[in-house]
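There are two complexes below, and they share subunit A, which is joined by subunit B in the first and by subunit C in the second.
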Partner chain A sequence: MFSAGVRERYQQDLRGIEEAGLLKRERLIRSPQGADICVEFPPGAPVKRVINLCSNNYLGLSSHPEVVAAAREGLDARGYGMSSVRFICGTQDIHRQLEERLTGFLGTEDTLLFPSCMDANAGVFEAILGEADVMIADRLVHASIVDGMRLCRAQQDTFKHSDMGHLEEKLQEHQDKRARMVITDGVFSMDGDLAKLDEIVALAERYDAMVFVDDSHATGFIGRTGRGTHEHRGVVGRIDVITTTLGKALGGASGGCVSGRLELVEMCRQRARPYLFSNTVPPVIVAGALKVLDLIGTSTERRDKLEESTRYWRSGLLELGFDLKEGESPIVPVMLYNAKLAQDVARDLFAEGIYVVGFFFPVVAKGLARIRTQLSAAHERHHLDAGLEAFARVGVKHGILGKGRKEIVEAYGA
Partner chain B sequence: MDTTRVIEVPLPEGMKPAPEELESLGTLLRAVVELHGGGHAWEKVARRLEEEGWTLHTRVGWIVEARRGRDFEQAAALSRDEAFHELQSLVQLDVVPSSP
Partner chain C sequence: MDELRTAIRDYVVKEYLEEGDDRVINAETPLISGGIVDSFSMVSLKRFLEKKCQIRIPDEQATPDAFDTVSRIAELVERIRKDTAVAAR
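Up next is the complex of A and B:
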């Protein structure tokens, strides 16, 4: 029973979240996703057109007319929903077709679709590892991987972020286990840095370990032909499990997958709980994703444009005097260190017509607050120039241009 | 009728057992009592599980718990070193929640 006392306890918890400055408020978007969008914030305010610099719409395909048309055709041809899990009566020919296309694109042996990459990560470890095995994860892996690891009975261990020396120590320490699996993101979502997959694979091969990569922030645009971090690092065909999402560059709707060694994917098909017990990916999403693969399979124009925009944006911010995290991906964190400063800058940028979000503890480590900007192939030069001008004005207002961590912390606090 | 028995151990003057030493002693004695019969509720559960095909194995070990605000982690192992090692792994997995 939801008594008054129970209600009051939850209200107190919510007040605590708000008092800590952690309450999340949604902004209503009254347009399709794109380089610029119409936003109503706060609720009831006039709808405002702003440049979006915080989406995962890396290839600009979220509202692409050909993707929308393909999805519409899929809806007409294959219906709205399957009302079933995959293995009962939820697999259409287009599901298998998409899995085969993803297998080819990622350079693996087989692929299995999941309702999301969050579901893929939740289910994969428990399906393929047991208590005689060990998972050795980078300490900054995505939350969905942490959740999946906790559901698995294999032993858990971690290595310092991107520290290959520490990883080697861990691999040596766990030689007594039946199997070892090294787990990493391909591109880390808050810093935008890329995993050293070539070194990880070399260590894994030396110490007889499997390699798992969540490439959600890379599939479609990292690597010369956009296959992902493994292509960028020259290790295609040597990653045992790749999970990725259809909800970012590959259309931005929903859906995810596990892709990799034939036997591991088949184990997921037989045992992964989110696959066994959750509804199949809707036909409309599958149809849209197939079109996305058509578009990016025949041309690297979009990922090339994204790469160039990233270079332009990054060098523009650096010239203005912002403190950036080094990196190669279209995730470009603007470091502000102080939580309130990050919130104030994001608020002022919104007033200037730029939609970004400030991130601070506990989403990032204390004292490392930032605004995470994300580029899209949908951004044209004028979007980026307008963004840089807005950043310049806001940077001057807050006196942070040309300042590094020490000066910003001295002025604003840690 | 249950009988409470008292065990007296003379300690050298000035010796003050630490709380965790007393807790360890208590755990050891409880394990001895359990092995001699103790409660019997576990036997029914064990019998049922074995009938269902489970193989059972009982061990005494260390449980370590860590709390910080709303966060809670717990690890169990045969040795205290192993339990803390596992606890550290659990804590470090969530050292910084990540963003989509």
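Up next is the complex of A and C:
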């Protein structure tokens, strides 16, 4: 029963979160996703047009007219929803078509769609690994991977972030297990750095281990033709399991997949719980995703533009004196360390017409709060210049330009 | 620091501190609440303890609180060893 006492306890917990400066508030967006969006914040405030620097709309396709048109055709031709999980009556021919297209794009043997990559990560490990096996994960893998590993009965271990020496020690330690699986993000979502997939694959082949990569922040734009981190590192065809999302660069609606070795994907089809028990990806999304693959399959123009914008943005922020995490991806974290400072800077940037969000515990580790800026192929040079000017003004206001972690923490606390 | 606590401390330093990190870890340094070990990477420490001390730590006892300092970890190990010895008699 939700008694007054129970209610009061939860209210106290929420007050604690707010007092610690960790409360998250949603902003209401009153337009399609894009480089410019219309935002109402706080609720009831006048709607304001701002530049969006925090979406996963990396290729600018979330509101692309051709994607929208294809989705609309899919809606008309195949209906709104399937009201079914895949294996009962939820598989249309277009689902298989999308899976085959993704297999070709990613360079794997087979692909299985899931309602989201979160669901793919929740289901994949339990479906393919058992008690006699071991999962060895990079310590900064995405939260959905941590959750998926916890659902699996295989043994677990971790290695220091991107530390190949430490990974090798772990692979040596676990030679007594039936199977080993090295688990990593392709692009790490909070820091924006790329996994050393070439070195991971070399170690995995030497020590007889499978390799799993969640490439959600890479599919569509990392690598010369946008196939992902494995293309960038020259190891296409040597990754055993790739999970990725349709909810970022590939249209931004929803949906995810497991792609990889034929037998592993088939095991997911037979055993992965989110696949067995959650609704199929709606036909409208499948149709939109097929059009996205058409668009990015015939030209690298969008990913090339994104790469150039990323270089421009990153060098602009560095010249201003912001403390950035090193990296090559369009995720560019501006390090602020203190949670309240991150929120204050985000608030002031919003006042200047720039929409970003402060990231702090538990999304990132305590003491490592940041503003995670993200570039999109939808950004034009004027968006980036306006963003840099705003960051400059706000940086001066808070006295953080030219300052590193030590000075910022001294001024604002950890 | 006794042999068990020293072994735990030395493992934490090797397993969790990056090269160049010169933080001092003593028996009371907060490991989990101090952000040195998180609940995800704690599994490596649990495995080390089980192998080194030849015990099994039930999942419900392997809590962030029980693993927050070298002292508390050693106390947990000693408690499990004692319970195991009693059960064996």
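Keep this in mind: the second predicted complex is superposed on the first by the 414 of 414 C-alpha atoms of A that agree within 3 Å, B and C clash if a C-alpha of one lies under 4 Å from a C-alpha of the other, contacts with A are read in each partner's own complex, and residues count from 1 in each chain.
The rule is short, and it goes like this: a residue touches a chain if its C-beta (ideal position, glycine included) is under 8 Å from a C-beta of that chain, and two chains touch if they have at least 3 such contacts.
Note that the structure is predicted; figures quoted are calculated from it, not measured.
In the superposed model, A:Gly367 lies in contact with subunit C only, and not with subunit B. When the shared chain is aligned, subunit B comes close enough to touch A:His142, but subunit C does not. By the document's definition of touching, neither partner reaches A:Phe105: not subunit B, not subunit C.
Of the two partner chains, neither subunit B nor subunit C is touched by A:Trp313.
In the superposition on chain A, A:Phe322 contacts neither subunit B nor subunit C. Touching more residues of subunit A than its counterpart among subunit B and subunit C is B. With both structures placed on the common chain, the touch criterion links A:Phe125 to neither subunit B nor subunit C. In the superposition on chain A, A:Phe391 makes contact with neither subunit B nor subunit C. Of the two partner chains placed by the overlay, neither subunit B nor subunit C lies in contact with A:Tyr412.
When the two complexes are superposed on chain A, the residues of subunit A that touch both subunit B and subunit C are 137, 139, 146, 155-158, 365. In the complex of the two chains, the subunit B residues touching subunit A come out as 86, 89-90, 92-100. On the side of subunit C, the complex with subunit A involves touching residues 16, 18, 35, 38, 40-41, 43-44, 47. For subunit A in complex with subunit B, the touching residues are 56, 137, 139-143, 146, 149-150, 155-158, 188-190, 359, 362-365, 372. Touching subunit C in their complex are the following residues of subunit A: 137, 139, 146, 155-158, 160, 365-367.
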